[in-house]
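The following block contains the structure, expressed as structure tokens.
In order of appearance the chains are A, B, C, D, E and F, and numbering begins at 1 in each one.
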Amino acid sequence: MNKEKEFNDYRNRMNARLLETDNKLIKRIFNLDTNAFSDGNLNKEIKELLGLACSLVLRCDDCVKYHLGKCYELGFKSGEVLEAMSVATLIGGTIVIPHLRKAMEYWDEINKNVSEGS
Amino acid sequence: MNKEKEFNDYRNRMNARLLETDNKLIKRIFNLDTNAFSDGNLNKEIKELLGLACSLVLRCDDCVKYHLGKCYELGFKSGEVLEAMSVATLIGGTIVIPHLRKAMEYWDEINKNVSEGS
Amino acid sequence: MNKEKEFNDYRNRMNARLLETDNKLIKRIFNLDTNAFSDGNLNKEIKELLGLACSLVLRCDDCVKYHLGKCYELGFKSGEVLEAMSVATLIGGTIVIPHLRKAMEYWDEINKNVSEGS
Amino acid sequence: MNKEKEFNDYRNRMNARLLETDNKLIKRIFNLDTNAFSDGNLNKEIKELLGLACSLVLRCDDCVKYHLGKCYELGFKSGEVLEAMSVATLIGGTIVIPHLRKAMEYWDEINKNVSEGS
Amino acid sequence: MNKEKEFNDYRNRMNARLLETDNKLIKRIFNLDTNAFSDGNLNKEIKELLGLACSLVLRCDDCVKYHLGKCYELGFKSGEVLEAMSVATLIGGTIVIPHLRKAMEYWDEINKNVSEGS
Amino acid sequence: MNKEKEFNDYRNRMNARLLETDNKLIKRIFNLDTNAFSDGNLNKEIKELLGLACSLVLRCDDCVKYHLGKCYELGFKSGEVLEAMSVATLIGGTIVIPHLRKAMEYWDEINKNVSEGS
């Protein structure tokens, strides 16, 4: 199974598992998360880049993967995504670089999957 | 091998490896760690929840697994463990969610292992 | 003006300022925050200690002050509050100690204000 | 002295002090920092918002102030700045709120200084 | 009162306050802290630099001040201290710079106090 | 494939991938990283220990592995490397221990590979 599908399947399965519990706070946080990245005073493209950069400085690989997937769907080009990630790397320091390597690998994977029609 | 046993075996093996070195500071930190979660002015149940919530906001998957195992031994119910983790997720933000997914999966694994008598 | 009142006044004034803007996401996060610490599967006393410990490992002085104020209102004794903070200091490391000093000072201030009837 | 001027004066003075030492690495990091936020594959407006959001999730008050100053110069409106900060607060959690309060206060200060012609 | 004395007085006073409580865990953590920076397999000079650099990447201003004071006592020159801090700034990113400014100011203060015989 | 070779191969491959993009900021950050750990006011041995300790308190497993490899090349003994890591664990807290376990395992792997001539 390719890494993009593996990531999304696990994410969807465990999110569903968390939502089937009766914990209302988790439900509400998930709900806020869905709404926060839609068009508002800033458009959803800019907000997705904010999500990507914040995820990278906080060094959360899974969050980075999620936002890379969204950035691809929104039509961002590699040069734009890389530039957002380079700013995050400068702000967060060289400690971010291992996460940047994984992000680059995942971005390439997304693009390869599309070109191969997977 | 199930994930719970795999986690505990690796943890025990490497802790033993660290303690066989002659580094006294590591020994003492390990020693403090053992004592810190026993009954005192607060009971050990509350302290274990503190350990779980702190581990989750600091996004340390292995620390979360360890405290989930202890919470299970102490008789906490799913609703209680989830509520502690939901508070931690609110405090630590959506960046905590990928770690919450892994925590949920590990908690389910612990409960499944018990029901299957493993 | 004493430090406890100064902290609470600033906090109340700026929270009101944030809520008077038309940003719905901030409003909703504030709303979740209010509800998260009420009685549920865990009682509000335990949840307040979780908030205190998480705030300390994340080294947020203002969050620590807020939860110390709440812990006082809920009737926690110094030995209990200190024990929760000592567990957080062990988990978070000596980097937490400067924040523990400020927390101790603020806790003493709260207790002094009460005994002086302020 | 108003807080905006106080912040900028201290920042400028200490940056100059650091650059007058013979440490080349610090000089180069400062140099990268200056270039990173200029127009490229992403325009400088978006990059400034990335800087603001990353600074807020990393809870660096001085970095937030700096980027708020730049956002003002670039013509961002309050609703836009607040929306970027609200996304950062969701990602970084309620632990970010004390820093959001200070950010709001500083943003108001910038706007007041301008309207008063200071 | 100069900033160096102000910092040390507050630190000493609150450490004493914490140690007069009956919390054994805090006492033991303080005790480990004292011993950890003495000569061992690495000499105390190197360990002090480790303490300084770790404090800076973790962005703890008070911890940085403490280790700068110790580095001065151990005879480190400005060029050496700055180099350790520049490596930490690269690793921790530009988010560290506001803390580097305060560290530089405090280092200058220490050196000025000595030359003035205070 | 052994873990040391696996780590280095992935790191080299993805660093090359990042450098083949036209992002100048990433190139410059990589360039600074290479130069920062060479002899200067502090020798490269001390700087490598700073890199190791900072990586451990920031809990970046891959950064720790990289610096452990360099420490081995520079001739550091196990007792020295462990002492630097024990100081980092005290500063960063018990949350660092899972990363210390992985670091110990990787250090043993490096030493085993050498003794086996791999």
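Heads up, the rule we're going with is that a residue touches a chain if its C-beta (ideal position, glycine included) is under 8 Å from a C-beta of that chain, and two chains touch if they have at least 3 such contacts.
If you're wondering where the values come from, they're calculated on a predicted model, not measured in any experiment.
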{"item": "Set of chains adjacent to chain A and to chain F", "value": "B, C, D, E"}
{"item": "Interface residue overlap between copies chain B and chain F, same or different (over half shared)", "value": "different"}
{"item": "Repeated interface matching D-E, over half of the contact pairs identical, chosen among C-F, B-D or C-D", "value": "C-D"}
{"item": "Distance between the centres, which are taken as Cα means, of chain F and chain D, whole angstrom", "value": "32"}
{"item": "Distance between the centres, which are taken as Cα means, of chain E and chain A, whole angstrom", "value": "38"}
{"item": "For chain E paired with chain F, centre-to-centre distance based on mean C-alpha positions, whole Å", "value": "24"}
{"item": "Touching two or more other chains - residues of chain C", "value": "25, 29, 32-33, 36, 54-55, 57-58, 63, 79, 82-83, 86-87, 89-92, 94-95"}
{"item": "Touch-based graph of the chains, sorted into line, ring, star, complete or other", "value": "complete"}
{"item": "Chain D-facing residues of chain F, complex", "value": "25, 28-29, 32, 35-36"}
{"item": "Partner chain E, residues of chain D touching it in the complex", "value": "10-11, 14-15, 17-18, 21-23, 25-26, 29-30, 32-33, 54-55, 58, 60-63"}
{"item": "Residues on chain F engaged by chain B in the complex (per definition of touch)", "value": "59, 78-79, 82-83, 86-87, 89-90, 94-95, 97-98, 100-102, 104-105, 108"}
{"item": "Residue ranges of chain F touching chain C (in the complex, touch as defined)", "value": "57, 89-96"}
{"item": "Residues of chain B touching chain C in the complex", "value": "32-33, 36-37, 40-42, 46-47, 49-51, 53-55, 57-58, 63, 77, 79-80, 82-84, 86-88, 90-92"}
